[in-house]
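Below: one structure, written as C-alpha cells.
Per-chain residue numbering starts at 1, and chain names A, B, C and D are given in the order in which the chains are listed.
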C-alpha cells in the first residue's frame, strides 16, 4: 500500500478517492455470480430499472446505456446522433471544446463555439451563432447543442433557462445533449429547480456522471428511443462496451437503489457552501457564485504559498495581485479537513487585520 | 442481489465472474487514499514498475499504458502507429477483423485479410498478401501486422513462429502488434516457449489482457518508446483515459506483485486440459487441439440438448450431425463443476456403449 | 507540346487521351459566360435535365450531383448513406476493395468482402456473408451492397442478375450502390438488357462515369431523393465541389444532348470485339469472355516481348508459360491501330504455323 | 448554349468565367496524345518543372502535387501532416474555419481559432492561443498553423509578417501551411514584397490556386520533401487523384510557361484598384483597404437597389444605414464593365451633390 503522509489534503477535483464503500461492497457481494457481459448482465438491467424509476421513464421512451468515461459518453452520444456534415454547438468553456483532446473532431464533427456566460449557453448568443452558420453547403450544418449541467464553472441551469434553450433547439430543428458529469451536484443544489423528468422532457440525450459521484468509473447515457437505434454498436465501436459490464451496472444500481446518489451530491455541495461562505465572511471575493461543489475564490498572491502548504487546488487564472483558485469538494470530502481549511482562512484574516 | 439458481454453470467465456478477490481487496484497502487521475496515480505507477520487472524492461525502452477494454487497446494501438493511408494486415479470424464492430475502420484504417491457419498468421500467406498490396498509390499501404496470442481459436504461437513473423515484418518495414487479451493463458501454456521479454524483442507493441485474467476491467499496452510519443493523447481522445485510473492500476499491481497473473492462467489452462482429455478419452473428437483455455469439441446433435441442460457454452459451427461446441475455462472456473461435466461425459459414453 | 514519337500505341486503359473534341468545343463556346459555381451553374442544370430525360426520371425522384473522380463518387456516396457502425458489402475484386487506397475505410466504414464470380456479386455468396455478419453488436452491420457494372473484369450484369441482387437487398434492408465508372460500355454492350430506368428502379444510388467515356473528368451521381438529403454538404466536405462546376456540367450536357455517350461506348466495345475475335480466330485463349471494352487474352511468354514493342497493356497474371494480358479500348481507340494489332496477331500465328 | 442577356455583370467572385483561352487552347492542342494518368502524365511533369523554375526549387527540396479544388488542397495537406491528436491553429475568418463544411474536422482534426486582425494571423494572438492549449493530454496538441495569402478579406502578408509567424512556428515546433487560393493576386500586389522562394523558405507546405487564376480547376501543392512521404496516397484516398491528371498539368504548364499567371493576377488587382480609387474619390468609405482583387466598400442602403440593377456582388455586412459590399475582380474582368461601374458611381455622387 502506498501512503504519502506529507501530501496536503486535496481539493483538486471530485475524483481523487476510490468509490463510495457501499459500491465496493456491492461489487464484492455479487462478485462470484456468473453473468453475460457487454451490457447484458443482470446488474446493468437492474440499474436501468432503478434509473427509469428515478426518472419516471419507461424503456419504450428512453434507452439507458453505460460507458466507462465522460469523454466516451460525449463522443459516443454525439457520433451516434449526427450525419457526417453536421456540427455541434457548444460554449467555448465546454468540456468537449477544450478538455477532450479533440475527441469530438476525431469522430469527424466540427464544434461551433459560442461565448459562454458564467459557463452557460444563453439563447441569444446561441441563435446569433446559428444565424452565422447557414451558408449552404459551405458551412457545417448546426445540428446538436451541447451543454453541461452543472457547468465547467460550477454554475447551474434553472428550469426556465433549460426550457428556453430547449425551445430554441426545437424551433430550429436541433438536438439537445446535456453532459451530466456533475448532474448530481446540479440537481442536488439548493437553487436547483430541475428534475430528472425535466431533463428527459427538455433534451434528446443526456448522461449521468458516476465517476464524479462516488463510482470507480461509469456514466449512464439516457437517450430518446427515436434516436437510439444501434446505440450498442457505437459503444462497441469506440471500445466502451466492457466485457464485464457488471462493474458499472452494480455501482449504478447501488447509487440509485435508495437515494445514495443525491445524498452524496448534497454532501459535496454542503462542503463547498461552508468553504465559500467562510471565505466571503472573511472578506475574500468569490470569482463566481458557488452554486454546486466548486468554489472559485480570489486569493492574494502574498498568501498563496501558505495555502499551498495546507491544501491542494488548481490555479484558475491570475488577476493583478490575486490568483483565482478552484477548490472542489466531493462525496468524499472530509468535514474535518473543511473545518481546518476554514479555521486557517479565519486565522489569516485576523492576522492581517 | 440477483441470484438465478436454475441457470446451468457457464463455460461461455472467461469473463463471466467479477474480479479475483485479492484485486477487490486491494481496491478496498486503497480506496480512501487521494490520488491524481488520468494515469498519474501511484497505483498505476506501481503497476508499471511491476510489469517492467516481470518483462525485464525499463521505462526508457517501452512505455506502459492502461485502457479499459480490449477493443480500446486495439483501436488506440493501431491508430497511434499508422499514417492515414496505412493498413493493418490480420488473419480473417482475428478479433479486429470480425468482432469489433468496425472499430479499426472507424479510425480510418483498412484491414487486409489473410486466411488463418488454425487461427494463426503464417509467413507465406502473409507475404503473399503483402505482395498483392503494392500497387502505389492505389492500394492502402500495409504497415502493421496484427495477431493474437493466444489466438481466437485458443491456439499458441511458438517462439520460432513469432520469430519468423517478426523477421518478415522487419525485412518489409512493418510494425508488429500482438493482441494479448489471452496472453496470460498463452504464456502459461504447457507448450509455450515464449517469454515476456521475447514479446518485447519481437514486436513493436503488445497488450496484456486483464479483463480475461481476473480483473474487473483493464488491459496494459506495452509500446516501444520510439513509437509511443503522445500515446496519452490517443488514449484521452478515444475516451479511454479514466479519471480514476487507479481502478486499473490497483488491479494490475496486484496481478503482477507476486505471480498471481500466471497462477490464474495456469488454473484456466489446467481446467481446460482436464475437460479436453476427458472428452478425448471418452471418444469425442476435438475440432482443434486444446493448447490454452478453450476446448472445441464435436458433440453429436442427439445429445446436445442434454449438454445444454448441464452447462452453458457457444455453438461454434455445425458439421453434419455434430456441433462444434466451444467450452471456455477461466481463473474462476470451479473444479467441482469441471468434475461434474466430466462425469456426465463419461456417463453419456457408457450409456451409449 | 510534348510528343513521344517512339512510344507504342497504348491499350493500357480508357482514359489515356483527353476529351472527345465536341466536349472541348463546348467548353470553348461557353467559356466567357458568367456563372455561379459549386453546382449551381446553368450547364450543370442543363446536364441534369438531359440525364433526367435519358433516364425517364424527375428531380423529385432522384437527385443528380457531379464530382470530379470515381473514388470521390464512391466515397461520397457511401459516406452519405451509412451510419458510423454500418458496413459495405462488396466483391473482393471491387474497385473500392482494392484500388482506392482505403478511401472507404478512411470515411470510417468497413468493407465486408464477398468472393467474386467472374468479377460479379452473386446472391448466394452475398447471403452467406450477410449471415456471417449478424453478431450484434460485435460485428459492423451490413447496410449497403456495392457492385460495379461493367465490373472490374469487364463483365456485365444482366437484368435478371441485378433484379435478383436488388431483391436480396430489399428483403434484408440493404441499400444497393452501382459503381458506373464503365456503365457506358455496359449499357451499350451487345448482350446488355439493362436500361437507365432499370438502374433507377433496382438501386438506391448509382453513378455514371464520364472520365472513362470521353470527358476530361467528372462522374454523375444519381441518388434517390429519400436518401439524398444534404448531399451537397458531403460533396463539399470531401473537396469535390468545384468552384467552376461548369467544367463537368458542360461536358455531361454534351455527352447526353443527342446520344454521344452511347455512341462513344459502342465504339469502345466494337474495337474490343474486333481484337478479341481476332485473337480467338488465331487460336489464342481468352481468360474471360469479352463483354465490354476489356480483352483478357493469354499470350505465350515467348512472344510477349514482341507484343510489348507494338502496343502498351497491363500484365494481369502469370499462368504457366503464358501471361494474361489486359487490353482496354475506349471511345478514342484508333481503328487503324486495332487493325495493325490484329494484323500482327495473324502474322505471329502464321509464322508459328 | 445558354445566354441570359438581362443578368447584370458579375463581380461576385473570381471564378465566374471558364478558363483563360490559352489554357483551353493548350488542352485542345494536346488532346489526342496518349498519357498515363494519376499524376504521371507528361504535362504534369512539365508543370512541375516550370513551377520549380519559377520558385527556384528542386524536386529534392519540395514535391509538387496537383488536386482539383481548394478544399481538397487544404484537407489533404493538413491530413498528411498531422497525427490524430494534433490540431490546426487558424484565424476565425480562415477558409477552413468557416467555409469548408467541416472538411478538416472530417479528417479528425480540431481547428483552434485565433481572432483575426484584418483577416490576418498575428504573432501575439497566435502565441496566446498556443499558451492556452498546453494542458497535456486533455487538449489537442497545436501542431500546424494555417493562414491564407491573400486572406479571405483580400489583405496581404508582408515578408516581415510572414517571417515573424514562421519564427514563432519554428520556435514552438509547429508546421506552417499557407492557403494560396489567391496567392497569385497576393504576390502580384503593388505592396507585396514576398517571393515564391520566400514561401518555400518560410513555410512547410503551401498551395498555388489555379481555379481563381484562370484555370478550369486545379491547385498545386508545394510540400517540403521531409514531410511529403506518401503524399500520393493521401491524394488518392481523398478522391483527388484524377485519372486524366493531364487536365490540371496542361493548365498549370500554360500558366507558368512564360509568366501568364502573374499577368492575369496583375489585371485582377488593377481592376480592383480602379474601382476602389473611384469609390474613394467619390467620397465612399472603404471597409478595408484594397490590397488585392477584393473591394469592400460601404454603400448607403438608399442606393443599394440601383447598384443591384447594374452589377452582381455579395453583401458582406450591414452597418447602420450602410451595407458593406464585396466586389471581386479577376483575370477575366472586363475593363469596359469597370468603366461603366465607375461612371455610375460618379453619376450617383453628382446627382446627390
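In this section, a residue touches a chain if its C-beta (ideal position, glycine included) is under 8 Å from a C-beta of that chain, and two chains touch if they have at least 3 such contacts.
Treat the numbers as computed from the prediction; the structure is a model and nothing was measured.
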Pair joined by more contacting C-beta pairs (A-B or B-C): A-B
Maximum centroid distance from chain D, chain identifier (CA atoms): B
Distance between chain centroids, defined by C-alpha means - chain A, chain B (Å): 34
Computed distance of Cα centres, chain C from chain A, in Å: 52
Inter-chain centre distance, chain B versus chain C - centres from mean C-alpha coordinates, in Å: 43
Per-residue multi-chain contacts in chain B, two or more chains: 84-85, 100-102, 106-108, 137-138, 140, 233, 236-237, 241
Contact set on chain B toward chain C in their complex: 84-85, 87, 98-102, 105-111, 113, 133, 135, 137-140
Residue ranges of chain A touching chain B (in the complex, touch as defined): 1-4, 7, 9-10, 12-13, 15-19, 21, 24, 27-37, 42-43, 46, 67-76, 100-103, 106, 211-212, 216-217, 233, 236-244, 246-247, 332
Residues of chain A defined as touching chain C within the complex: 38, 79-80, 83-85, 107-108, 136-138, 140-141, 230, 232-237, 241
